[in-house]
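Look for chain A in each of the two complexes below; its partner is chain B in the first and chain C in the second.
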Partner chain A sequence: MPMTDGLLCGWRIRSEIALPELLSWQGDDRPPDLTVCLGEVDEHLPGGREISPFIHIDTNGAGLLQVPMVGRFLVRPSGDITVAPHPEASETEIRLFLLGSVLGLVCHQRALLPLHASSVVIEGGAVAFCGHSGMGKSTLALRFARRGHAVVSDDVCVLDSGPPARVRPSFPRLKLWRDAIEDAALSSEGLERNRRGQEKYHFLEPEAGVRDPLPLRAIFLLRRPERGEAEGIERLSAPLDILAALEAETFRPQIGRALGTEKALFQARTLIANSVPVYQLRRPPDAPPERWLDAIAAIVRG
Partner chain B sequence: MPLSTSSEVVRRHHPLEAAIGDTQVLLDVEQGLYFGLNAVASSIWQRLERPIRVDDLCRSLKADYAGDEARIQAEVLAFLAQLETQNLIDIRA
Partner chain C sequence: MSGLALIASYPKSGNTWLRAFLASHLRGGQPIDLNGDLSRIKNLTGRSLQDKHAGLEHSDLTPDEVALLRPLTSRRIAQLQPGLYKTHDSNLVPLGAREPAIPADAIDRLVYIVRDPRDVAISMAHHFGWTPEDSVNQMADTTFRMGRSSTRLNMNVEQWVSSWSAHVESWLDAADLHLLPLRYEDLLADPLERFTELCRFLDLDDTRHAISRSLEASSFTALAAQEARTGFRERYPASTAPFFRKGGAGGWRGELPPGLAERVASAHNRVMARLAYR
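== the complex of A and B ==
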C-alpha cells in the first residue's frame, strides 16, 4: 500500500516503515530527498572507520549505525536509508533510532549542525533546550506545548546552514519519562512505549507541528547547579564558552570530523554565537519546571 | 627552536577563523582546540600568514600601535611563545 510521504526537517521522506510522528509532505512534486527501505544490511561497512562502537563511516560518506537488539541502519549520502531490524525490535524502537541517530547522521552528511535539543516556538521563533539526558529538555518542551506552544524538535534539533540562524522543524514528538507525563496531567495509557522496559513514552501532538524553518531565538543549556551555586538563568558572554557549549551539545561531532564538514559546523556555531543569545539555566533536574516557564518566556520576549 | 628577534615565524596550520564580537576565534581542526584572540593578538596573528622575522613583525606593529620598541618586542615574544606552545606556529632559525 503506498504511503504518503512525510516532512522531516524540510526534506521529503518516503518510508516503508510508517512514521506517524511526521507531518505529511505538502510541498512540490520533487522526488524524495530521503527514502527508507527494509532490507539486508551487512554488519561490516567496507572501508568503514569506527566513530563509536556503533557507528562506522566509509570514505564515500556512507554511515552504518548498529544498535544491539534494535537493528542496523545503512545511511548513504544520497539519502537512501536501508534498515535491517532485529527480529525482536519493535517498530517504536526502530523509529526512535531512525528519527534520532539516523537523522543526526543525515545532518552531518549534508553539513548541517545537529544539536541535542528539544525546541518549541516562542514569539515566532524556535527556543532550544539543550542538556544531558535526564536534565529535563523534553519535560520543559512539554510544559510549553501544554501552554499552546508548537513543538519544533525533540532530541535532534537541526540548524539550517544560514545566515540567519534558523531551525528546520523535525516533528512534534517528545520522549518523556512517565513521571513527566503524569505530572503534566496526561495519561500515559495509549501512548507507545519508547524502548523496551524504559518508562519513556512518545507524546504526539500532530496538530502542533511546524512546517517551515524558524529563526532560532535563544538556546537554554540545562545544567545542574554545582555545590553552592544558586539556581537561575545567566547569559553566556565569552565566545569560547559559547562555542565549547555548542560543541558539547552537537550530536556526535566526530561524524562531522570524519566527513570533513568541520568548516560548515564551525560556521553554524559561530553564526549562533554572533546572533543568538545562549543562556545557562541552572536548576536541579527534578525541580518543578513550572516556575521557569514564565522566566524563559520573558527572557525570549526581551 | 629557541625564539629570538632574528627567528622567522609562520603559522603551522590554517585554522578555521571567525570574528565573534571583538574576539577572533580560531579552531585548529587537527588538534580540535578553540582559541580566542583579542584585537592586538589578532593583528599579530594576521601578520603570520607568511613567514616573517620577529624583528620585522615588531617593526610592523610599531607602525600601527603606540608603545616603545622594547615593550612591544617583549610582548610579541611572549605571545609567540604561547602560540608555539599551542602548536599554532613554527619557529625557524
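== the complex of A and C ==
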C-alpha cells in the first residue's frame, strides 16, 4: 500500500509502518532521509558494544535497540531503519519506540543535540520543559496546548546544528497518565494506550503541528524545591550551571559518547547557554500546573 | 567500596530509621533534614536513578520488561555509581524474569532488617491507608509487587516484594552474600550495641561517642517532631497517620484484632519461630 512520506524533525521519512503522529511531507522531491522497513533483525549486532542494557552500538555507528515485548530496531547511520516487531506488539508500541529511543539514536548519529524535553510554541518560538520523569513536562505542554499553543515535541526535542539555536519540530503527540488527562478536564476514552494494560495514553493534536524549525525562546528546568527553597521561577546565570543542566537533560547521552559526537553536542549546549535564557521552575511535581502558565508566558514575552 | 551496599527490608520494618541514622552519622552526628539528607542513602528503585542507568524510561515498559531489565541495571549502578542504597526488593526471581532484580554479583554487602510481622501489619495499614486485614492479606501474597504506576507515575520502579516470609528467607538464606541481619526489636532494645555492629559492618566510624550522637539525631522523637514541623515527602499520599507514627515493638498486641494476629502467626509460623517472634 503506497503511503505518503512523513515529516519528522525536518527529515523526509518513508515508512512501512503508518505514522499518524507525523505531518505529511510537503517539501521538495529529495529522496527520503529516513526509511523504515519491516524485516528480520538479528539479536546480535556484530562488533556491537553494550551502551545500556537494551542498546548496542557497532564500530560503524549502527545501533540496535531491543525491547523484549516490542521488538528489535536496527538503525543504520545511512538512515535505513529495520524493525522486527515482536509477534504480540501493537503498532502503537512499535511507534512509541520508533519515535522515541530510535529518534534519539538518529539524532546522535547525525550529531544533533536531542534534549529530553516537551516543547510548545510561545510567541513564535519553541519553549522547552525539561526534567525527570514525573516532573510534569508533558502535563505543562498539554495545558499550553489547551490554550491554543502548538506542540513541538514530547520526549525528544531536537536542536538544529545552528547558530542560531533552533528546534526541529517532532510531532504534536503527548504521552500522559490518566490523572493528568482528567485533571485537564479531558477524557482518556478512545485514546491509544502507551503500553498494553497501562493507564498512560497518547494524546494527539494533529491540527497543531509545526513544520519549520523554530527559534528556541527559553528552557524551563522543572525541579522539586529542596531544603526549604521557595517555589518559583529563577533564571540561571552561571554558564557552567547551565551547561551542566543541559548535559543532564540530554536524551540518552551514553549514545553520543559511544558515537564520538560529544564535541558537537557540547557546542550545541554552549550555543544555548550563550544565547537562550534558561530558568529553573521549582514546584512540587504534583502541584496544579495552571498557576504557572501565565508566569511562563509572561517571561517568554519579556 | 565496589558494588552496592544495601539496606534491605520488607516495607515498614525500620529501613528509614537506619537511613536517618546513617545520614546523620555520615555528617558527623549532625541533625538531619528529613527532606534532604536522607538522599545520602538513595532508594535503589528510585525512578530517575533507574532511568538514567537503564538508558530509557521505565514508564514505557511493562512490568515484565522491567523485571528483565532490573538485574542488568543493578549491575550498571554497582559499577558506575556504587555506594549505600535502600531497597524493598526481595531476593527472588520475579515472574517472567531470569534472575532477581539485584543479583548477588552486584552486591558488595547487605544489611537486612526484619521486624515482627504483626507490627509490620499495623504499620503498613497506616502507611498505605489500608485496613489491617488488607495488610495481612498483602503480607501473605507471594506475588506482591510495589512501584506499579496505576493512573499516575509512581516515583519508584516495580519491585518484586513477595510475601513477608518469602522476602525474609530470600535474603537470610542467600548464599555468597556478605550479610548482616538485624532484628528491629534488637535495635530498639540495645541501640548502642546494634548500631556499633552496623557501623563496623559498613566500615564507618564505630566509636561510642560518634554513634551516640548519631542515634540522638535520628531518635524517633527527633524524626517525629521534624515531620510534624515540615512534613516528610516520603509519606504515602493515602496514609492515615504520620510516617513516624509509633516506632515501637509489640504495638500489635493492642491494635491488631486477635483473629488477624493468629492469621499472621499461622501464615508465617516457620519464619517467625526462626526469628523468635512469639
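Quick note on the criterion: the second predicted complex is superposed on the first by the 301 of 302 C-alpha atoms of A that agree within 3 Å, B and C clash if a C-alpha of one lies under 4 Å from a C-alpha of the other, contacts with A are read in each partner's own complex, and residues count from 1 in each chain.
The rule is simple: a residue touches a chain if its C-beta (ideal position, glycine included) is under 8 Å from a C-beta of that chain, and two chains touch if they have at least 3 such contacts.
This one's a predicted model, so the numbers in the text were calculated from it and none came from an experiment.
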Three-chain arrangement built on chain A, chain B and chain C clash or fit: fit
Message: Going by the contact rule set out at the top, does A:267 touch chain B (first), chain C (second), both, or neither?
response: first
Message: With both complexes superposed on chain A, which partner does A:69 reach: first (chain B), second (chain C), both or neither?
response: second
Task: Give one of first, second, both or neither to describe whether A:257 is in contact with chain B, with chain C, with both, or with none.
output: first
Query: Of chain B and chain C, which one contacts the greater number of residues in chain A?
result: C
Task: With the two complexes superposed on chain A, say which partner A:278 touches: chain B (first), chain C (second), both, or neither.
output: neither
Query: Which angle, to the nearest 10 degrees, do you get at the Cα centre of chain A between the Cα centres of chain B and chain C?
result: 80
Query: Between chain B (first) and chain C (second), which, if any, makes contact with A:242: first, second, both or neither?
result: first
- request: Could you tell me if A:132 is touching chain B, chain C, both of them or neither one (first, second, both, neither)?
  value: second
- prompt: Once you lay one complex on the other using chain A, what is the shortest C-alpha distance from chain B to chain C, in Å?
  reply: 13
Message: Let me check the overlay on chain A: which residues of chain A are in contact with chain B and also with chain C?
response: none
Field: Contact set on chain B toward chain A in their complex
entry: 16, 18-21, 23, 25, 27, 29, 32, 34-36
List of chain A residues in touch with chain B within their complex: 238-240, 242-244, 247, 257, 262-263, 266-267, 270, 273-274
Of all residues in chain C, those that touch chain A in their complex: 33, 35-36, 47-48, 51, 53-62, 64-65, 68-69, 72-73, 76, 149-153, 155, 230
Message: Going by the contact rule set out above, which residues of chain A touch chain C in the complex?
response: 51-55, 67-69, 96-97, 100-101, 132-134, 155, 177-180, 194-200, 226-228, 252, 254-255, 286
